[in-house]
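I have a structure I would like to understand better, so I am pasting it below and will then ask my questions one at a time.
Going by the order they are written in, the chains are A, B, C and D; count residues from 1 in each one.
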Amino acid sequence: MTSSTDELTADYLQRLAAVQPSDLPADLDLFSEDTATRGIRLNKAAYSLKHAEQRELFAADEERWMEQFGLTGEERDLLRRRDWIGLWRGGMTIYVMVKLSGVTGTPLPEIGKQMREAG
Amino acid sequence: MARVIGGIGASHAPSMEHVYDAGDDVRRNDEWEPLFGPFSEVSSWLAELRPDRLVVIYNDHMDEFFLNAYPTFALGVADSYPVADEGFGARPFPPLPGDAALGWHIARSLVADEFDPTICQELEVDHGVLSPLPMVDFAEGEGAWRIPIVPLAVNVILHPLPTPRRCWKLGQAVRRAILSYPEDLGVVVVGTGGLSHQLTGPRFGAVTPEWDQEFMRLLAEDPERLCDYTHEDLIKLGGTESVEVVNWLAMRGALGPEATAKVTAYYPHKIMGYGLQSYAVAA
Amino acid sequence: MARVIGGIGASHAPSMEHVYDAGDDVRRNDEWEPLFGPFSEVSSWLAELRPDRLVVIYNDHMDEFFLNAYPTFALGVADSYPVADEGFGARPFPPLPGDAALGWHIARSLVADEFDPTICQELEVDHGVLSPLPMVDFAEGEGAWRIPIVPLAVNVILHPLPTPRRCWKLGQAVRRAILSYPEDLGVVVVGTGGLSHQLTGPRFGAVTPEWDQEFMRLLAEDPERLCDYTHEDLIKLGGTESVEVVNWLAMRGALGPEATAKVTAYYPHKIMGYGLQSYAVAA
Amino acid sequence: MTSSTDELTADYLQRLAAVQPSDLPADLDLFSEDTATRGIRLNKAAYSLKHAEQRELFAADEERWMEQFGLTGEERDLLRRRDWIGLWRGGMTIYVMVKLSGVTGTPLPEIGKQMREAG
């Protein structure tokens, strides 16, 4: 099989390695393959809140709002508990989390406080 | 032919919107004067320079683009860009005027230069555009935008991200596109985002003023050095979300070698390193 | 490490779907044998070759992507690709199995190689994938797809289009991505579309068999020559919609210099120049 | 102003020209800046027909279906008349036109016949 990989230059392999941070401290996360895959349902749910109708549905009946996104039971629990660290670990990006902070009336500093305490 | 006549690098953040929307009393109080003072200086400079167009290199924050189809680069080719609802209702600004013809020309030039943009006939712009732009281009009295824009969104969220070097080259390609546009227009290129901030995990709120200032110094004096930084480097230096500074690097690439920094202002406050920089370009 | 073990170029068209769905009596009648005969030859070859994955370079026909945000290149990073409803209800195939991990690796490699793909965690595939694929990869008895795919969509609709040369380089970059993938997988690269057809204006229905056959000859023997053709050339030679052949060129670029054409079949019929070509790659 | 355009190499200018077909016979069209801009409403309308609900609405009440897309009066007339050449000249791509051929029960060869006769 070496014949084929001989085609790959050192320059290419270095560039390939460089696009994928691999030596980050454990307390710095990335939104990438793992997170994006894990978080797809949660992100879809929170992204929906850019629409006023979805925010109204959330306010009126949070359970019914959650039913739209194929969330797992655990994901629903994270949402019900406003477990920001859990949502983050579940793959929810901060950018859609902000929309969720809006409908739940959670100021960003409160989310930040929980994040810092996550250790 | 069109010309690049200046550049602006500016942080963007919802906090800037809240302060702007609170009016002059808040903008110019002790807390926010260090940010809004320099912005009004840049605004005056821009009013004198009278550019015909702004090319705004920014990033969306999942207000328009989502994970179903996340573009590496997305270019607007519309005559109007509505304000996105980011989850709190859209801010009450009129849609931003665009220049579809210039957008399409940039699209053709980028494709000719082997860039692979996603071409957007409809695009709602979020605080990546809307938090700095009113400070320099909104006539509050008239309730109107002054300068048509062409927005260009860069993926700084979903890894793999375009490398700093690729973003620098993108800026250079935007420059060629402007220079080859047959209409006689003066264009200012704007790059928004950063500087240091960290919005996830135990380092939430970390700001790194030394790196932020070094970044602006390098951008002014030796921008190609920044192409050697990886995203991993940038994340370690300025936080996960600070990689938005590649938008500044793209802006700088569009200015050509003769550009010089005029205003350079920096204000680390709460969870953000707010930066602002303007560039003059020799006529 | 993964290997590129073969290639397929194939036309795509709704007509192929209608004939496939009508069953063997229609597929193998006098009208369609010239198309379906060669397909079953390629199918047998593929069954022997037993690839682990297919990378399918195709184009969408406004069944997934629209003018709000039209990507130059769009790459699937999902484990499943549903069949698009093109306006007549979706064909009753199960979703196509994907390989998200390989897709993400290709995304990283393309970005490292200065391509700017739109990254798709969700993607419905249309007849650009679904018209040729069942002919070579669907187990009708079991009602199941055999080989997981990674779809890669190319803009052939909204000008400016990525140039033939850019598509060739895209194929070369896909090759590097496959070769650098750590898992030991045999991959066949498929390019779909064309050949000559014209679906708009007074030339509606025009087919140009001589150019189609010359195209397949050049693709086999001297593919880099095709990089010198502009879209204008291709449109004049094969019709406005024939520019889809850049998907074949990208496929060819992924095969490396040692590939040789095995099956080459051509059947001009009604409004389409139907082409099919398979490539063997030295082990 | 020559100072700035001096930066543009002959190679670049040639590549820029090459991405924009400029010498096509008049009977060969392109879907590009002009067509895409002109046709945005018509394309949006026909694109909607990928959704079964939109096809049902079309079948039930074509006028109400049309109201959703900000179409001009002329564009509505083109749709009402099944004026395929007019729709094409109005900037509708063949790919969404095919969806419209479905709901209107117009076989593609009939559209083709009209196209050829457009001359």
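A few comments on the model shown:
Note that in this section a residue touches a chain if its C-beta (ideal position, glycine included) is under 8 Å from a C-beta of that chain, and two chains touch if they have at least 3 such contacts.
Note that the coordinates shown come from a computational prediction; the quantities given were computed from them, not determined experimentally.
Residue-number overlap of contact pairs with A-B passes half for only one option from C-D, A-C or B-D: C-D.
The interface with the greater number of C-beta contacts, when A-B is set against B-D, is A-B.
Distance between chain C and chain D, defined via averaged C-alpha coordinates, is recorded as 24 Å. We define each chain's centre as the mean of its Cα atoms; on that basis chain A and chain C are separated by 33 Å. Along chain C, residues 67, 108, 111-112, 121, 158, 160-161, 163 each make contact with two or more other chains. Touching of two or more other chains is recorded for residues 15, 18-20, 33, 36, 40 of chain A.
Those residues of chain B lying in contact with chain A across their complex are 14, 61-63, 66-67, 84-89, 157-161, 163, 198-205, 230-232, 235-236, 239-241, 271. The part of chain B that touches chain C in the complex is made up of residues 65, 67-74, 107-108, 111-112, 114-123, 158, 160-163, 166, 169.
Looking at the complex, you find that chain B touches chain D at residues 1, 3-4, 77, 100-101, 104, 108-109, 111-113, 121, 175-176, 179-180, 184, 256.
Residue ranges on chain D touching chain C, taken from their complex, read 15, 18-25, 27-33, 36, 40, 43-44, 47, 49-52, 55, 88, 93-96, 98-100, 102-103, 111-113, 115-119. Across the complex, chain A meets chain C through its residues 1, 4-5, 7-8, 12-13, 15-16, 18-20, 33, 36-37, 40.
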